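What follows is a set of structures for review.
What follows is chain A paired twice: with chain B in the first complex and chain C in the second.
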Partner chain A sequence: MSAISSSNRRDFLKKCLTGAAVLGAGGRMELLRAAEQEAPLTKSKVVIARDPMLRGTGATVDSHRMLTLLDRSLQALFDRDNPTETWKKLVRPGDTVGLKVNTLGGRGLSSNVQLVEAICERLQEAGIKASDIVVWDRDSDEMEHVGFHVSTGGNRMQCFGTDRVDYEQELVTHGSVGSRLSKILTQRCNVLINVPVLKDHDGAGVTIALKNMYGVIHNPNKYHPNGCNPYIADLNMLPEIRTRMRLTICDATTACFEGGPGYKPEYSWKNNALIVSQDPVALDYTGWQIIERKRAEKGLKTLEGDKRAPNYIATAADAQHRLGINDPRKIAVVEV
Partner chain B sequence: MSHELDRRSFLQCALASGAALGVGKFVPLFASPAQAAPQKQDDSRFTVEAKFYEKLPNNKKIKCKLCPRECTVGDRERGYCGVRENRGGSYYTLVHSRVCAAHVDPIEKKPLFHYLPGTLAFSLATAGCNVNCKFCQNWDISQVRPEQVPAEYAPPKLVADLAKHYSCPTIAYTYSEPVIFSEYLMDAADAGHEAGVRSVVVSNGYMQEESLKTAYGKADAVKIDLKAFSESYYKDVVVAELKPVLASLVTLRKMNKWTEIVYLVVPTLNDSDAEFQGLARWIKTNLGVDVPIHFTQFHPEYLLKNLPITPVPTLERAKAIADAEGLHYVYIGNVPGHPAQNTYCPKCHRMLVERVGFTASQMLIRKGSCPFCQQPIPGIWHA
Partner chain C sequence: MTSVGAAKVRGMLLVMVAVALILNVSCKRQSRTEASFFPASNEVAGWAMAGDMRTFEAADLWKYIDGDAERYLKAGVQRVSTADYKFQNKVDATVDIYIMASAEGAEKIFQSEPAVNGKPIQLGDGARLSSQSLVFRKAAYLVQIVAFEESAETQQALLQLGRGIESRLVSR
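Showing the complex of A and B:
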């Protein structure tokens, strides 16, 4: 097979994708999608969608406005007018879709239930059966505590933690990481949508998209030394994660600039935004800058000054990982 | 699937099953972590405020003072060991009385060769560990969080009762890493001593001086796994540091605590002559020639499956180097039938304790001395 020059690699991949779709070669298509994400040749796009009236006059997020905000963010990301068409770019009937939420922060700083409902609504409109959607995190009790209703059967959407099904017995390894993966990831979904929260983290600096994968493994406690570096990057290299990951929808409706990952009202702010991207590194870099701006506004040190800069983001972008882009010149941040 | 038992029925069942229990057998009431699916447990009865930590001024953080890692742990987070959690600015152990493995083992299996030869140890573990050895044989309990393995509620008094029931003069805290369940260990050791049962600890020794003195001060003997004699190995293979472990050995010596050392010889990683020699010299200088050291055979496991079993000649080379340095009690472990499993008098060289596998088949030491030349043999020989 002849070599493909880097200049036309993207076109080549596009043609392959088209061909794969016609042929129905689902597995190959996923791999190619993953490969395309692996080394984007143009700018990585990150969309920040805001709605100052997301909560109306109250404290609770308005479901209708959330759905609209979600649509706006994804239509901007994919340059589409129709929300359903947007989702059809990501999933197709027959897919089993996992929404990996983050509920560690407890009430006040976990993936928003209204956001997850909005995603599920659009997934079903795109042809995904309700029972093929699983909303999950590591622990069912933590999920219930923040407002999710655990559901494990019937034709409804599934919602539960790994505690209900356990982790795989076999270890998977990459670089510094050796872990057992949640059976929800390995056995219950072929598509992964990451739904993290925009948060400060006392060890890693920030916890957004990449670090949310700590909720996929049985031993996250082993990977907090050295600011979680290179553990976060190595973890996200696991094929079981990479080949499934399609999109990150970061819940930045309430965000945290200090004292994370647990919820501390004094260090949180109502940001009323979503941050979406197919490049988790670019998204994390962008989210980090948002947190830094908030810290500056509040008179706090930079994370670097606090000796906890999120260096794992650069590691995730390096030549050994290539999980995305962390160079701001190559990240297109679109605010809508 | 394991099920909860109240203390009475637990003990009754334990007693009933005891008649059929042989040496080295699994105590059947504790479900096998490798086979059973985890289940939700009532955490509250296993949750006790930790003893070794300090509260930090900001953001409800704490600093753990149990081991040299000194994890700074934010609210709702756990330390590296995975069994201690910050809840609202206070730090809790989640594994007090939360036993995930229990066996009746020969004391030789720990291994402790100079401690009550031929006796049994009621051996138990909780989930968790403060290091992450790539060769861990028990990673399915040591490298998990407590909620990920089935466990039984075994309060200290029950442990002491079970040890007595199984004719074990000793409780052994082993399999995972006792440092991370120090509070439980201390309480169980106290309960054991009240009932006339001793305690021994099988540990990596990676802990702070205060916690070592407080927790292991309760033990009657300690076995330390000295994983290597280089910082690079500790950093890369163990995810810890050598220096604090050496400091622990010196502290145990100062405490006059009976201590034996195990050195797992891993082919190509910690098996050089220079490392064996450095180790033997350090022991001789800092601990004395009478501290037993066991060079044991590695078997591929966990994250280190690409290396072969340690060749017996490598173990014999290690022993020869340590012998040449003048250490008196150098053993070879995990090689059943090897003559270096026996204890010999350092003066007259007669065999004093013969071992076959984990069984002490002959024990000739009398009143702590060689019966042939009256050379004192250090150890705890009689109950």
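Showing the complex of A and C:
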């Protein structure tokens, strides 16, 4: 499949013609202004890959099927036939790659160990040394509690929380946010792969890709008023985060439609899916819609009706942030 | 420094040490009380405690349930104690006991969660049981038990553990 669909090509030509007319009429400044006001020329692609047999007949995710599901999702995202080639588009030997997992929800609703192992396997096949991969979150104990084995040093993959290395002393700021960043982010990785979980969130409405960055800073508890808006968007604007972020692989194998972000089995469902995108805003918008559909199926109010619509997603897409696209007409959702 | 000044400083230091000691004793007493709410291994048939009890005060609640803490703070949570359990070495579970400032606070949290996939049962002042979880409130306590595996025995086992805890909750 082409990255730009035929309708987008038409849009592109139309915008070029519009641009030419504007240039002819009013000169370069008008063209730049018009270009700034226009939406991006290509759609943001979000892939949802499902495997109803991901757990076989048991409750645990099957590692082999997870690897296959991961390959399928990324090959669809990047239009590639070969998984290694896919990863070579994202990373190159010498990169130090951080996988920011989400273990706050505890057992039952955290990034799957099998998913992280599958990502690490493919990263190494793409030429990343094991010791250049760090799987991390804010707290080592929380990571161990959900099944990760903490490991530091040597030639193995690294796996630990910020508690082991602390946060930077210096405060970094953007808009409403002033925080100290995890030294794992600033000193241990030049590439960031976000591995969040698809969850309802009592304050923010949903917590998926953008909100997972709360686990990168020392003071996330300060940023929950007003549905975390505009804090989430401002946080994701920090250059230390934005320049490193390459990809989001959302673990939607078990998802939560109410009562999040902690695990409550009665409000969770076995969704057996991964959602991947390079646009965290488009991914969050898509994930939000999945949660809304599940809420409707269960007879619950919409998040808007519950007075907790995730308005931070629109903020992340606005002209001050431009972190991605939240307009469904400009998001290409591909289900495989 | 004059001898009067030095005496004043010594006096202030003594008061501070005394306050710290009182707070420390008070915390330890609270911690002991809450530990008694958690049944020891096999006090409830088939259930064994796995690991130590942990307690998070209201100010640190976000470290345990970041994102959900505000809801509990608004309802007057004072602290939460949590411990892991295993049932017959097959089912893992986590027990959270929230200590609220009042029974109204516990009810507020209980009522704020829709009864999707859960059925009301008789336990404490109000309870809901689902295939993998039990939530109940009693006076100013809100108890949540979550099992991580679903089996034919899980629901009944959760109920037994819940009853074991409910009988240990003391009025404050």
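Definition applied: the second predicted complex is superposed on the first by the 296 of 336 C-alpha atoms of A that agree within 3 Å, B and C clash if a C-alpha of one lies under 4 Å from a C-alpha of the other, contacts with A are read in each partner's own complex, and residues count from 1 in each chain.
Everything that follows uses one rule, which is that contacts are C-beta pairs under 8 Å (C-beta built on N, C-alpha and C of every residue); 3 or more make two chains touch, one makes a residue touch a chain.
Please read these numbers as outputs of a predicted model, since none were measured by experiment.
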Quiz item: When the two structures are laid over each other on chain A, do chain B and chain C clash or fit?
Solution: clash
Quiz item: Can A:202 be said to touch chain B (first), chain C (second), both, or neither?
Solution: both
Quiz item: In the superposed arrangement, which partner chain does A:56 touch: chain B (first), chain C (second), both, or neither?
Solution: neither
Exercise. Pick one for A:298: touches chain B only (first), chain C only (second), both, or neither.
Key: second
Self-check item: Partner chain(s) touched by A:264 [first = chain B, second = chain C, both, neither]
Solution: both
Exercise. Could you say whether A:93 touches chain B, chain C, both of them, or neither, answering first, second, both or neither?
Key: neither
Quiz item: What is the contact status of A:221 with respect to chain B (first) and chain C (second): first, second, both, or neither?
Solution: both
Exercise. Have a look at where A:106 lands relative to chain B and chain C in the superposition and call it first, second, both or neither.
Key: both
Quiz item: Following superposition on chain A, which residues of chain A contact chain B and also contact chain C?
Solution: 104, 106, 201-203, 221, 224, 258-262, 264, 267
Exercise. Over in the complex, which chain C residues touch chain A? Could you list them?
Key: 62, 65-71, 92, 94, 113-114, 116-118, 128, 130-133, 144, 146-150
Quiz prompt | List of chain A residues in touch with chain C within their complex | solution = 59, 104, 106-108, 201-204, 207, 214, 220-221, 224, 258-267, 298-300
Exercise. Please give the residue numbers of chain A that touch chain B in the complex, ascending.
Key: 104-106, 141, 163, 166-167, 169, 171, 173, 178, 201-203, 218-219, 221-222, 224-225, 258-262, 264, 267
Practice problem: Using the touch definition up top, name the residues of chain B that touch chain A in the complex. | Solution: 34, 37-38, 40, 58-61, 69, 71-72, 74-82, 132, 134, 143-145, 147-148, 239, 302-303
